[in-house]
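For clarity, chains are labelled A, B and C in written order, and residue numbers in each chain start from 1.
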Amino acid sequence: MSAVLEVRDLTKTFGGISAVAGVSFDVHPGEILGLIGPNGSGKSTLFNCILGQLAPSAGEVRLDGRAITGMRPCDLNRLGIGRTFQLLQVFPQLSVRENLILAGQEHQGSMWSRLRGRRDAGLTAAANRMIEFFRLGHLADERAGSLSYGQQKLLDAAMAFMAGPRLVLLDEPAGGVNPTMLADLHERLREINRSQGATFVVIEHNMEFVMSLCTRILVLAEGRVIAEGDPERVRNDPAVIEAYLGR
Amino acid sequence: MTLGGRARIAVAFAAAALLVLAPFGLKPYGIYLLSLWAVTTIAAIGLNLTLGYAGQISLAQASFVGIGAYTAALLTTQGWPLWSAFLLATALCFVIGWVLGYPALRVQHHYLAFVTLSFATLVFLILRNEEWLTKGVYGISGIPRPTVLGWSTKNPIDFYFFCLAMLALVTAATWWLIRSPWGRAFTALRENPIRADSLGVDVRRYTLIAFAIGSALGGISGVLYAPLVQFIEPTAFALNLSLNLLLMVIVGGSGYFFGPFLGAAVSVLLPEWLRFSEGLYLILYAVFVMVLMAFCPSGLLGLAERFRKPAAARRPESAR
Amino acid sequence: MADLLQLLVAGLATGGIYALVAIGFVLLWQTSQTINFAQGEFVMLPAFFVLAAMKFGGLSFPLAMLVGLAVSAVVLGLLFKRLVVDPIIRHGVLPLVISTIALAIFFKEGVKEFYAADAQPFPAAWATTNLSLGGAVVSVQSLVIIAAAVAAVAALQYFLAGTRTGRRMQATAQNPALARVLGIPVERMILYTFLINAALVALASFLVSPIYLAKFTNGETLGLVAFVAAIVGGFNQVRGAIVGGLLLGVVDNFVAAYWSAQYRAAIPLFLLIAVILFRPQGLLGRAEERTV
């Protein structure tokens, strides 16, 4: 089975310090890959290099065998990669529904056709389905900025799925979310994975969440991959325990 | 539709009726001021698109007004019809706006402020120095008012209605644009360009388009300005006007659809009504802007909204 | 050859003024994210403080300069920070930009309305004669300006690098949050940068006004030139502001002499575009990556 995403020797240095030091891994179709590691181990930097927010210093990224290194975030998104950020990123002045329509509209036709076409780019129904799916129905017309933190976090995730991506990179989706909502999010992610065959890469500090959600886990420390395998194996790996507990 | 929405439409209708009826009770100078307000508002609407919706500061809006005005002056004094000036100026300003924004957007966003500031200086110098084209400091006089479909706009009141019609046209077009997916994308890149980028919004292209359309509206405003005053010279389009337009948008409420209308009224009509000297008015105005920025950076309409309803209940809307 | 030397000296003198103004501009940006659009008016105003002290206070010129410096420190340093920057900075960069634009209008119209609308002669504290150096005619004024600018920059560098307060200010500029944790009184350090900026613009004002006369519009071009000098040099570096200022001054004088005096005011645009296209981090700046 060929990989959806191939990362080869990806490196990012900031003024002589390597935040990401030659990371290689594959993401297989349909899997949920967890990316864990202590604070400052380079997880978010790795995401940002893969997704074009940062230009990698060296290395290569391939999507379905096609080199995508250094492409712009918006072009990557239109190739079918969705993402969320570590910090909450919704558009506070737009309503929940408008946030979702925005997340899908750039995938509909050309820029010019969007100007001539319908105001909602024909996405109201799809947005409503997404709203129902994430159980935000009662909030559809509220300003996103007026939602609770956990609700905004759900909206943030929902936006990443709006365009029906094949690959989604989630940066700490569980951060700051209360236990009830967390269970909800867990269930939603599983269901999208099952029903749409979407592939996920998830950065997460909440071990319980990540261990139960992911099928495979990659451990990063000081910019390098130090362990890889199923949750059980990673949990008992001495190198991982050392990285977390320190020397 | 909510009661607030209905009240809003009622206010809009009342304002439109007032604008149509007002000139009948005014002397020519009053009609001239109203016309100037309409023309200025068009330029401010353009800047509001750039600044209020797409979040890009421009200090060169007056230069686009100037390009429009000189295009109109040069063409119509040579016997060309005004509509040819509209076409040429709109295209010219759109292209120049696009080209100007391009280098600035390669780097941090506040660079656009400096690029536009420098551009404003350059345009002023060209208008002043290239006498073969612009007649330099002597200016261009005798700019004729157009005849539209057989209707002569020579009289102040007729020309006022021409300006008002153009304002209505621009307003409708902008309203439509803001409520299209483009408007939603503009709002997104003002609020969070990085997130917008990750959702497939081509931030650079949308920003350039917003900037180019805003500039084109500046050009349209200029094409109307030339036959309104009938004599133009370079200093009218110097940095002062750019700053003034910027303050209008901010004072009215940047990102609010009707902000420019209010801002232009504060800047064009209020000083006449208060009968202060120009200098004293500007001093007080500057203090007012500083106080407004400290307490309510979203401008007068933002202030009104704050009074009308508590913060939590504000209506979410891309086209405020 | 003599012509070149002459132009070079004149250019360095102009550049020295630009550098002083640009340094202050960069300092404000570094410590408090203030993009001061009134920086040009800040240079215009101190000369009028001096003129007013002489006219209304009956002071002698040297005494009036001291008063002008003190009033500048209070108005352009302390009050500017307390009344304009502090209440607005929490709203972000744009409202502050707008506010400083309004402040520029306030100062400009204030001088025009309450002092004078036409250019006022401003006394020079030094000889206004010319010297002959190996065939080149060089004005004493240019040399005085260069000397004063060099002295001011040297003093500033000594203060920033050689004193405890200076190093604390640098720490504040580089990382305010960390500086706060280290127990540095960040607010006071920021106030010091505002006072230093006020002193620099006052010096620039006293140096430039004898040549161009004191007029309410003097700040219009100076402000833009200072921004561009700062960007050309690499927006967040004091060294960059110095290099950018000098370069701009020299280029300005050479272009005026050999190409077109009418378009010398457009030089900043061309330099700005060139820098943005070919070296966006500035001549001395290092590329900075945006953190997400």
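Note that a contact is a pair of C-beta atoms (placed from the backbone, for glycine too) under 8 Å apart; a residue touches a chain by one contact, two chains touch by 3 or more.
Because the structure is a prediction, the values reported are computed rather than measured.
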Most centrally placed chain, judged by C-alpha centres: B
Label of the chain whose CA centroid is most distant from the centroid of chain B: A
Distance from the mean Cα position of chain C to that of chain B, given in whole angstrom: 32
Distance between the centres, which are taken as Cα means, of chain B and chain A, whole angstrom: 41
Interchain centroid distance [CA atoms averaged], chain A/chain C, Å: 47
Numbers and ranges of chain A residues touching at least 2 other chains: 53, 85
Multi-chain contact residues (two or more partners), chain C: 292
Two or more partner chains touched - positions in chain B: 194
Chain B residues within the chain C interface of the complex: 57, 103-104, 106-107, 110-111, 113-115, 117-119, 121-122, 125, 129, 194, 239, 243, 246-247, 250, 277, 279-280, 282-283, 285-287, 289-290, 293-295, 297
Residues of chain B touching chain A in the complex: 177, 179-182, 184-185, 187-188, 191-192, 194-203, 205, 312, 314-318, 320
Residue ranges of chain A in contact with chain B within the complex: 51, 53, 72-74, 77-78, 82-83, 85, 89-95, 98, 101-103, 105-107, 111, 114-115, 117, 119-121, 141-144, 146, 159, 162-163
Contact footprint of chain B on chain C as seen in their complex: 35, 84, 87-88, 91-99, 101-106, 109-110, 112-113, 220-221, 224, 227-228, 231, 262-263, 265-266, 268-269, 272-273, 276-277, 280, 292
